[in-house]
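Take a look at these structures.
Both complexes below contain chain A, partnered by chain B and then by chain C.
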Partner chain A sequence: MQKEARIISKSHVLEWVKNLQGIGEVIGPTKDPKAPTHDYVFARLSSPEEIRLDYTHDLLPLKRFFFSPTETLLRYRYQDGVHLEAEIDETKRFFFGVRSCDMIGVRYLQNIFSANYEDPYVLKKIESATFITLACHTPPLDTCFCICIDGGPSLAEGYDIQLWDLEDRYLVEVGSEKGMAAISASEGLFKAARDQDFRDREKRQSVTDQMFKIDAYFSRSIYRVTTGKVPDEVWQELEDRCFNCGGCYYVCPMCYCFQIIDCPHSPTEGERQRIWDSCVHVGFQRETSGHNPRPKLAETIKHRYFHKISYQNFKREGRNGCVGCGRCLIACYSNIDMPSVLRKIRKDQLTMSWKGHFDGHPLK
Partner chain B sequence: MRNAFSTCNYCGCGCGLFLMEKDSRIIGVGPSLSHPVSQGTLCLKGWTSYQYIHSPSRLTQPLIRKGSNLKEATWEEALSAAAEGLKSARQKFGPQAIAFFGAGRATNEELLLLQYLAEEVIGTRLIFLDSLSHSLSYKDLFDGKVDQANIEDIGVSDLLVLVNSDSKEQHPAFSGQVWKALDNGTKVLSFSTRRDPLAKHSQIHLQISPFTEGALLKGLINLYFSDEASRWGTIPGVNELREMARDYSPQRVSQICGIREDDLRSAFSLLSSARAPVFIYPWGSMEATREKALIEDLKDLLMMKGEGGKLAILYPSCNSRGAHLLAKNGIGQDLSQVKVLLLLGEPYGEDRRAILSLRGRLDLLISLDLFMSPTAEAADIVFPSSSFAEKAGTFTSTEGRIQEIIPAIDPLRGTRPDAEILTSLCAQLGAKVPSWEDVRKQVSQILGTPGPRNSEMRFEAEPVPPPPELDESFPFTFVGDAVNLRWHTDTRVMKTPILARELFENYIEMNLEEFRDLGLREGMTAKFITRAGEVVAKVRPTEVLKKGTLLSSYYSLLGPVRVERA
Partner chain C sequence: MDNIYLPKIAKILGIQTETSDVKTFVLQLKDEGAHSAFDFKPGQFVEVGVFGVGEVPIGLSSSPFQKGSFEIAVRAVGSVTNALHQRSPGDEVGIRGPLGNSFPFEEVMGKDILYIGGGIGLPPLRSLINSMFEKRQDFGKITILYGARTPGDRTYKKELAQWAAREDIEFHETVDVGDESWTGNVGVVTTLLKKIKVDPIRTVAFTCGPPIMIKFVIEDLLNLGFPGENIVTTLERYMKCGVGKCRHCCIGHKYVCLDGPIFTYQQISELTERV
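Moving on to the complex of A and B:
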């Protein structure tokens, strides 16, 4: 079933971006000239030329634009009573060149922050955003494994526009009214998509799956985790290796734990903030009494993986807590990542030795 | 929202990171995928390093002591008071009564300016950088006798020798490479007092008694001599070394270290058959004379090993290596005549104790810092410093990489970069003020990586200080430990909400059996008595310590200890 589609020549893309900048902020992958050569970071574009659609990965996922590392929830002031002020960001933004895995991450967060309570800080930012995604023809990095967990390389839904790279042009699939609006503003830059364009896309995508290098077989591990068949020694082994850095949480598009802190600037005013915080840290669930239901890393790591792959959570959230973006393979110092843990749970459990995924640098 | 590429301000690894700026605040940090050291990782200190920047506890006003309290003052008042104090002290007591200290977290530019102020403007030789006493000068450490290892060497080595280092805690980026190398087949030979998590995965782990690393290394040297004595015939220093190593027979070493002779021989055989061993040692992790002997032994062993071996020295702070290169003072500087002290940041551990014990005798203590640290609390004048995200400068990482920090935001209102405070002091003292360009030029001229290895071999036979003597009344040895979430004096760490939350309880660890023998239970405190004083602290049992050993990352106990129920 084909959606509303167009073609845009690659030579017209910068003009499209420029037009979008006239409507709202455009955020896309950029390179900082001072940063190491292969670092790409999603940032607000000052000029369209900054965009780098040939990028690999922004190691920090898109969640930071909606679920901020530091969000001021409210400011308070004591002056003849208590005064509270809250600011909700509803700036119109275009996210240009988003990968499928990250798009799923954003929609997942949208669900999470709508359940029970509709969080305006997260939801308003998502609702004000238009997402122009970029389907992957080849896996951007050797660490990608989205095909194992329905995290990509392309999307069936959830996007406003999905771009397919056809070498000299993009096939532009429209997924929503917002997407249509992003095109209508620059109608002259787009042509109709022909059958040949769709055939070219099929041809290019037909070889994509074979190019992935990491395997991550979820189903047996989901079964073992859900039915309590994973021995505690497995998690103890992880505790021995774990550096407690929280990196797996920080780089994961599907992780959303947080902490609320109060920051007084003076005895009479200050602000309440929500900050990123990982459930892996043993202090995360320590209670006011001092009691801690999970006082060891082995238990917190186990909890985190259970949350991501057990069937109960699958039913509740509609999908597993992983999109196969591969960032955890890079962020972890000691090879604890979704594919390794799955393999450990699925296969030899206690006797399997750990194996690195790549020789030397993750970019090699 | 902007992302500014910068360098972490904590340990010597020198990881690259992005500072996320929004509305003039740093709201988060991102990793650098292609940075040669961090390669996409960050430890928890790195990930949370932005959180203390906007802490409400940041000092934002100079302070001057009036009576027993510190009172807010203007910059003019504080600078003037500091300059007057320095001038009159120099007049009354002479320049050698004035001492300066620069912490290992200060930039190269700040340390150069501090040196200029101390040596050229005041005229004192008492300037300490990062530590009150370095066990070896920079030149002696990097004398070219052995190859220096960089982080890439870890992954291609076939044997990693970890000398009393759980670098997972102190230098995560390097430890990460160790774990990855381990998973790819590299063997690990480690010796430490605590049976750390890596021990289970090491080919050989020797759990040695506290402070016996020196004896162990001499034992390996002894085995090298018995193995191929003829190889060392003409090398300068060989006779002295052989003579000294004679005292460290496998039998005696196994006794001193509390290990089995077989295990020592296996360790030797693992080392001698390695093709490209990398020795990893955390600099500054032990007392100076002990460290000097250890470094010389490591170099001797590597020279005996021959081609292929390398030594990785891991410096503690982000600019410890820069400080070491610039430092001119060695062991045993006499502080008894000091009347005035100016500190950029704080010394830590024994150094802090030594500095703070001078307090009663000082006429003037000047502190430059971000927070009200113990040193600032003891000061007569306090200057509020800007953080690493609010100023420009360079850090020299442990491998010798000179990396930049950039001002991602303007200095927090009321604070000034240390370089500016120091040049203002120079101006107040009527001295020529070096320009920023001059200072930067000096940095690139003076600092650099050591030259290639020279072929001249020379053995150094450095005597090993014996471990502290225990007796019935004081049967425990205390060993200081490193924990990743702590750093240095914990000043920045404790103002970082996530880190402070994790470090909610300080404790001392002891062997599980001894814990039970004393009738202790989880959650209890105990009294730890030394000849120098006593401390009451929470005590935790552990299975990773041998009997007679106490371990803590927070407390520091001098000398042998007795433990009693509190």
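Moving on to the complex of A and C:
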């Protein structure tokens, strides 16, 4: 079914952003002029001119805006008993130019953090946000494989507004009432979309779909992991390469393990914080007694990939824990990343060389 | 939307020393409405917090039929449990819960019941045992086997004596290592299985204790002919959120905090990760 759609000329986009800034914070891709070529980063715009819609990729996933690396859950104070305070962030924010893979990552977290028990810290921030996504039209990075795992390059659902770059203009697809509200405030900047605009969109989409360079063989690997058919030697080989740094967790839009710690500021007051943690760390399940159910790195890596691609977790969480954003390829020092691991799992390619697959990549 | 991370404040009404390193805390939620709404089932746990130190998951040890207060038994092992041991009656702690699933209760009415508890594994079973005593006529034969490391490690000494005196249950206990004052059984808890007669088909076994004990108990029960679904046990993991988010207690695709802590042997044997 055709979604409600408009057209905005590229020359009007900054004015639209400015209008949105009158309603709430606008967060979009920016670039430090002194930074290396690929260092685009999502940040709050102080002026519309800072937005860089020609960006490729933010090295860090969008999850950090909703599920913060460090978040205060509560403040406590001892004074004739215990007093507690908690703040929930409900600031209205527009996320402008979000990539499809990051959008799916946020919707996945929304699903996880509302299942069984609702987590107000994550959910209120997502509910207060309007997502204006940008379908990928430029050649994908050499590390992108969203097309293999239904993570992009464009979206069928989950966005409030989806933009399509049609060279001199954007096709503006409206996906929700929040999206419609973001347009209504600047109604004069938009025109109705014509059939030719949709034809141009199809053309761009088919061109982008052909440009991916990596194959990620999910289906066979999902079967093998789900049924426990992967020999231990495969995980052992990964252990031999892994530094257990947790970088793959930091850059993954779908990873959400966390730790809770108390931080006293004084004997009578302090705060309880949530901080990022990763199930790939060997101390993740270690108990006070010293007992550790997963004491080996091979087991924690196996668990992480089991969680990401097994059918058991697919059923529990509604989709695979990977969107094909390719950030693990960029972050891992040892070339342990989803496509490489899938190749190992698929064929038990124990003798396959790790070297060469992504070496020489411009981002490495 | 309730804040799942915001604890309720509970007052420590009383503290009983059970052994050299185990204390029972009698608690009451400070807010009257919250306390009367605090409705739990045997087997469930709470996240107990000492602000400034942290939170730990602890199984509720009193019966839900007990109103006005609830109890937890805590062994001083790590930073939070040691901090709890330094609290005094009147002090306040944080409570989140009740959390997790619970022991089958209505489902096992009419069956014979066998309890096998070890050391600090007795408190969660005690919640169920005392609940069954409230509805004694609804259950068949009840047998309780309890093992502790030494006579000094026996929890609920008064209650153990009462259980031994009861005519409507069979009770045996043992210690791994005796001392000059101890005249009872010596040996691991599984040796008590030889002293009793059970019909594995009409009996449901509940076991809780250290992992190594549970392993041998399950082996012996299977050898006696217990079907997997008639063996009910608890699993433990390092746990943080208690509400199925943080993934610390994950076993395969199951969460001990959400899907557990109570599992049948049948369910455990179907897990994709070694327990």
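Throughout what follows, the second predicted complex is superposed on the first by the 348 of 364 C-alpha atoms of A that agree within 3 Å, B and C clash if a C-alpha of one lies under 4 Å from a C-alpha of the other, contacts with A are read in each partner's own complex, and residues count from 1 in each chain.
Please note the rule applied: contacts are C-beta pairs under 8 Å (C-beta built on N, C-alpha and C of every residue); 3 or more make two chains touch, one makes a residue touch a chain.
Everything numeric in this text was worked out from a predicted model, so none of it was measured.
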Fit-or-clash call for chain B and chain C when the two complexes are aligned on chain A: fit
C-alpha centroid angle, chain C to chain B via chain A, nearest 10°: 80
Contacts of A:Leu123 with chain B and chain C, given as first, second, both or neither: second
Which of chain B and chain C A:Lys203 touches, first, second, both or neither: neither
First, second, both or neither for A:Arg194, with chain B first and chain C second: neither
Partner chain(s) touched by A:Ala115 [first = chain B, second = chain C, both, neither]: second
Contacts of A:Leu59 with chain B and chain C, given as first, second, both or neither: first
Which superposed partner A:Leu73 touches (first chain B, second chain C, both, neither): second
A:Cys257 touches, of chain B and chain C: first, second, both or neither? second
Which superposed partner A:Lys347 touches (first chain B, second chain C, both, neither): neither
Which superposed partner A:Lys296 touches (first chain B, second chain C, both, neither): neither
Lowest inter-chain C-alpha distance for chain C and chain B in the superposed arrangement, angstrom: 11
Chain B and chain C footprints on chain A, overlapping residues: 259, 261, 264, 270, 277, 286
Parts of chain B lying in touch with chain A, wherever the complex brings them together: 1-5, 16, 18, 20, 25, 27-36, 39-44, 46-47, 51, 54-56, 152, 155, 168, 172-173, 175-176, 179-180, 183-184, 197, 200-201, 404, 406, 484-485, 497-498, 501-502, 504
Chain C to chain A touching residues, read off their complex: 1-7, 9, 30, 51-55, 77-78, 81, 92-94, 211, 236-238, 240-241, 243-253, 258, 272-275
Complex interface listing, chain A residues touching chain C: 73-74, 76, 78, 81-82, 84, 86, 88, 112-113, 115-121, 123-124, 228, 256-262, 264, 267, 270, 272, 274, 277, 279, 284-289, 291, 293, 303, 306-307, 310, 312-313, 315-316
Residues of chain A that touch chain B when the two form their complex: 32, 34-41, 43-44, 56-57, 59-60, 64-65, 68-70, 239-241, 243-247, 250-251, 259, 261, 263-265, 270, 275-277, 281-283, 286, 330-335, 353-356, 359-363
